[in-house]
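First subunit A sits with subunit B, and in the next complex the same chain sits with subunit C.
Right, the complex of A and B next:
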């Protein structure tokens, strides 16, 4: 034990001098987390705005003349890339990860604070490069967020004449560097600098989730990096890694002999784990929130951890279920369909455990709890449509229709965002020392929750009718009935309302910063360490003189020997009153 | 450096599987090593996936491309004394790089024996091996580019992708070696300055060694897949 305590004494604290060091080039994990959250929310709003533009075109085709076919594809592309990578990945791991890991594990900061700061600034740089592509000649790339070659690097693709695709790939490469710096920090901190008594199996589930999601990222992003580098070479040096022999306008291009499917493999070897990089932190947030706001320990903690590990492992062998129609060997489809259905097992374990946590619990209908319930329903919905798409025979007709859009927005867009909002409401008091407005929160919740269902449920129906995704206009096709146009109009109106409702939350976030009720130190009566700091919000170094010592697991609710219905992790058996 | 500076790493580890379980179920830290060493290992795992993706892509395209792959023993041959000697240059390069791994391992050992100067000179010797490797790689590249006319987008020996993959992957590896040379020089300077004597801990030398051995190991795969296949 003695040698371990030396770890704490040995850690020299980073000491900020002046305003710039404290708030801008800060190495404090809490400030870096806030910087991540703010930049991610800003770029996320841009992504949302792009989706509104798409919906305006789909709902009212031709009404807005500024949205032509080219800019529509650019909006689709940038919306997808921004939301998946620059919003959700950055916000969950850079934001929540940075904030919660040291606080929940009882250490003073990340293992490498300077690298952590670099990580944020690299992320910031990648966002700048991404945004810059809106301002170059012919705009950002319009090749779809999957950036499939050949169209992504050929001129003639929307945005393909200028530097759009180069900027996109460069931005991705910089983002991967940023993520690697952050990720090495998260993993080293989780493995090597926990509080005394904090064994791995006493970590809150969200730390497990962020830890495993980071591992997924560190192993999956390399494939994207390699794909991006090769794509840049194909574009700039005219190598033919991904380019087969191509005729354009009757002329042979200089390419030949490459394999476009190879890029799809590289992309989805990254792309599928990426789904879980987003989903796992959402799982973690839900596990925390459900337990705290239902005043009950999480059901089956060990099974939850092993299910997470199983998901993280299997996530690497399911990628080609995105490629059933890509022209790969059909026998591969059998393999990937099987693994895809197998990964549903640990996922189902988690959903059952959440449901069983709620069973007979003392459920408090707070805003975070509402988001948890909404997440469970939405995730279940999205997961069930995944069963359709995971099977080759069903997927082939449904592939590239609005059914797919409905499915993945339910399962990896709306669900994580609901968890994200729940997390914001839950941890806002810890960050700012003030509570968010409950009434505004509930208004925001109900509009968002009902609204997203009104948006994405009809898409499943549209998909069954065979309406292809990514089409600029559905008007010229005889097989598409009028009901689709009506539904699209309805969806667009809902989208506008839900989009506007997000400003309620932004208003709430900013207003409560100044006028919110002062939060007690542990407003939700939670057991985890981030609520047990000396000061609230936690100051620099988090813990004052003495680092916390952990005596129990993070979900000690309703202990018979205690008068309160919860016992914090750093309270020993003798201290229980 | 906010590292766990003054940790002593003397402890008893139970054997084999029990030791594994004890490590992972301990509190505070899962591995009794410096944070930077843990981080280096994790980084190398991630880096393995980068090289793995590069090499898988290369192998996949080599199998699917329509034109025949260039005859590597002809392309990489060196004209010495009137005959073409296949793989001569690359054999020397590989020998130097592997030898530099040997000197690195000796540096780590003498570091743990706290032999300050010997450690520093061995690290510098390792870096010198790296410089020699990169220098010969530059020679090889210029020979391929200017004499054989191999370009990333095509060549006259066979499939277009040969040049692209060759320059991309060996270039990426050469970049790793170059970064490694800079990294080793910094570590050597720190050794000479006596920084690790003051800490009474030479583990940072081993961390640098991990990186260097990794770069070496990757080269073995590149060598096998590019030159011998």
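Right, the complex of A and C next:
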């Protein structure tokens, strides 16, 4: 078939003409996905580098003179924002979402390919603006990733007197535009472009997850957008949305009457769903990987879908559990603690169903499976500590201590990243037509899994002790013993090792592009459509002349009436041998 | 198999760690022991869930390894089992939530018979106010703050004249007496946190938040700011001294009232305490966010611009009013300008810094 044929079934398709059209300003969802992945990984490496700088100061206070308190807080801020928004959100939705939605649903591309391309370039622009803030006078903002006013726009906060905070807020606004363009595309594609026979309840769980995460994003990001715009107004036009009377530097500032807590509500109305925007795609990856590599149908598909919908719904009424001690009306605590603990039930159901998928399975310990299992352990750990922090009174002694750092890194840093790596190892053959190196993959896995556990697990206990987070140095405090400094040194060394290990994966990704073993078309014997394309890797338009027709659900492993241990979604009952 | 062994070690280690960890709750010194109990309840219930689920996973990995030609069991749904698991989880959640909500009810019910203290935060120092003899706080307003009137008290309010002001970060409290803290902030968010008391609450500019506890053990405790408040966040350390009632009364009697502070002349030491300068500039020669004042008067200083200046009265005054004009080499340009101090006050500060080199 002609790769560039412009019409299928009478529909006009975007038709790339040259190198620029094909690889740079491409409207092909697979190229856009790759662009998202590459930019996200690059900025993610920057975020990791910033975390190493933080750890160097914490582990060896004062040894590195260039890390002063100001730059430390700038590193903290940029690390958090980069990892949450520009790495994980972009990579899961822009990367995995773009690549998998059309391929897994059996369509040729996204519903709006041009908007899809714009989405990437807006994302790219937002990253450029973000990175630019490192180069302005007094550097990027050091307001903490939550950007709480009043301090985020005042002097006395690193970068508070320069353009850093403006660039940060502007970059977020542009990112939200990018997300909205991508998000509307994903939603429309899922609802409108599914192949014949691909009913909603036959969609792979990862598509459900990305679909719901996109919904969350489209409803949650506007809260951040208005918060960011109002904060820019407060800063530039001296409005007082979030600014009460403030006495600073020996004088009363020209602000008055605003509410700092209002910004926190706006921020967390976005911020909590954001946790699920990251977690849901990770759930999706795990659901696919665990079923394929355990050679067993996913357990309780219906329940999984309804649990996801429940999580996505409840995610909008738990936000103030980030604010129990923020000075809001204390009676709100009863409501938000209850909703927060209720969300644990559907989340637990998901974990049970992954675990039960392993029962009577035929488990292949491939690299993606290792990541999957490691995800289950860390997510279980991080999810359970969330029950402490969500439970209002229990949160009081632990809030803003290292317990919080341990918890949220386990649950929304390590877990999603493990899922992400599992996903990269799993789908790499589909993207490149080559396999990743297994041995390097395993080395990378072991260092990452054990290393991150050693980094974050002990943090919970210095949190019990009461060591506050976001401290540049603990030296002034008598209640913090020397053993905490020793632990910090140990954690820093672990961090350096884990950080270095990520280059093993990077090397693997690049090396295997040229030297990896040629991948068979369906190397993992998976049922989902992305492995059933005519060519491998799939060409422009994905399916050749004929779109696939779907006859069954995506987890037909171990079907008793078939000889093979899996039946792809596009195989009809008559074709089963 | 390697995975099973390593993960089993991780799971067992995670559980055992709770019995051998060198880091545990700071020794309790308030009435909030019940908060520790809720943490222990949470640890037990979540610990059981962690062990059960991870053991099940590891068991499956051992029991059902890949066998060529073998097929897994085909069982897409088992509604009865799923319902059972949902109910068990819901029960676990209720067992966690009930003590949590109960403890929260206690935490937010302010006692009527308590000693009242107002806690005020600013970058990066704590100060406090007692209502004084009449037992009533004077009115305050964010518009009335000045370097002299550091609590923003209404000078015309008769209730405010006897309010007792604690500047300089150290507050005393009587033992076994319930205390209600009314918290407010002059500039940005802060959080009043004493690890041994367990209690914690943000200070928010433009509004009041509340916190109560009852100190139960005599001693000196550190206040650590637990809400990020800018460059000096980590240096915003305060001290709470829990005294006997008599010692507390004696200490309180020595503290100045609002009326007295308004009649004070310019006192450099007092000004740098109330403005919070000492959070960044030490007086003993040790390094901080900004250069120390100890032993520096009259010495040469290199600036980030490459120039060298002498630390004299002029340099000090300029650095207060317009700090960005002369950044000391090796320090971040983060100091806010204090442009509204009077010349009398600036001279008092310079004189005070001079005494630190004598």
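Following the convention adopted for this analysis, the second predicted complex is superposed on the first by the 567 of 577 C-alpha atoms of A that agree within 3 Å, B and C clash if a C-alpha of one lies under 4 Å from a C-alpha of the other, contacts with A are read in each partner's own complex, and residues count from 1 in each chain.
Criterion: a contact is a pair of C-beta atoms (placed from the backbone, for glycine too) under 8 Å apart; a residue touches a chain by one contact, two chains touch by 3 or more.
Being a predicted model, the structure only gives us computed values, none of them experimental.
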item: Touching partner for A:528 - first (subunit B), second (subunit C), both, neither; value: neither
item: First, second, both or neither for A:397, with subunit B first and subunit C second; value: second
item: First, second, both or neither for A:65, with subunit B first and subunit C second; value: second
item: Contacts of A:536 with subunit B and subunit C, given as first, second, both or neither; value: neither
item: Contacts of A:258 with subunit B and subunit C, given as first, second, both or neither; value: both
item: Contacts of A:569 with subunit B and subunit C, given as first, second, both or neither; value: neither
item: Partner touching more residues of subunit A, whether subunit B or subunit C; value: C
item: First, second, both or neither for A:239, with subunit B first and subunit C second; value: first
item: Doubly contacted subunit A residues - partners subunit C and subunit B; value: 256-259
item: In the complex, subunit A residues that touch subunit C; value: 65, 68-71, 73, 138, 142-144, 148, 150-151, 154-158, 160-161, 244-252, 256-261, 294-303, 325-327, 330-331, 333-334, 337-338, 341-342, 344-345, 348-349, 351-353, 355-356, 358-365, 370, 373-374, 376-377, 380-381, 384-385, 387-388, 391-394, 396-401, 446, 449-450, 453, 457-458, 461-462, 464-466, 468, 470-474, 476-479, 483-484, 487, 553, 555, 557-560, 565
item: Sites on subunit B touched by subunit A in the complex; value: 1-11, 24-31, 33, 35, 38-39, 42-43, 45-47, 49-50, 52-54, 57, 60-61, 64-67, 152-153, 159-161, 163-165, 168
item: Residue ranges of subunit A touching subunit B (in the complex, touch as defined); value: 3-4, 6-7, 9-14, 109, 111-113, 180, 183-185, 187-188, 191-202, 218-223, 225-227, 229-230, 233, 237-241, 254, 256-259, 262, 265-266, 269, 550
item: Subunit A-facing residues of subunit C, complex; value: 3, 6-7, 10-11, 14, 17, 21-26, 32, 35-36, 38-39, 42, 45-46, 49-50, 53-54, 56-57, 60-61, 64-67, 70-78, 81-82, 85-86, 89-90, 93, 96-97, 99-104, 106-108, 122-123, 141-143, 145-147, 152, 183, 186-189, 191, 193, 195-196, 198-207, 209-210, 221-222, 224-235, 237, 275, 289, 324, 330-341
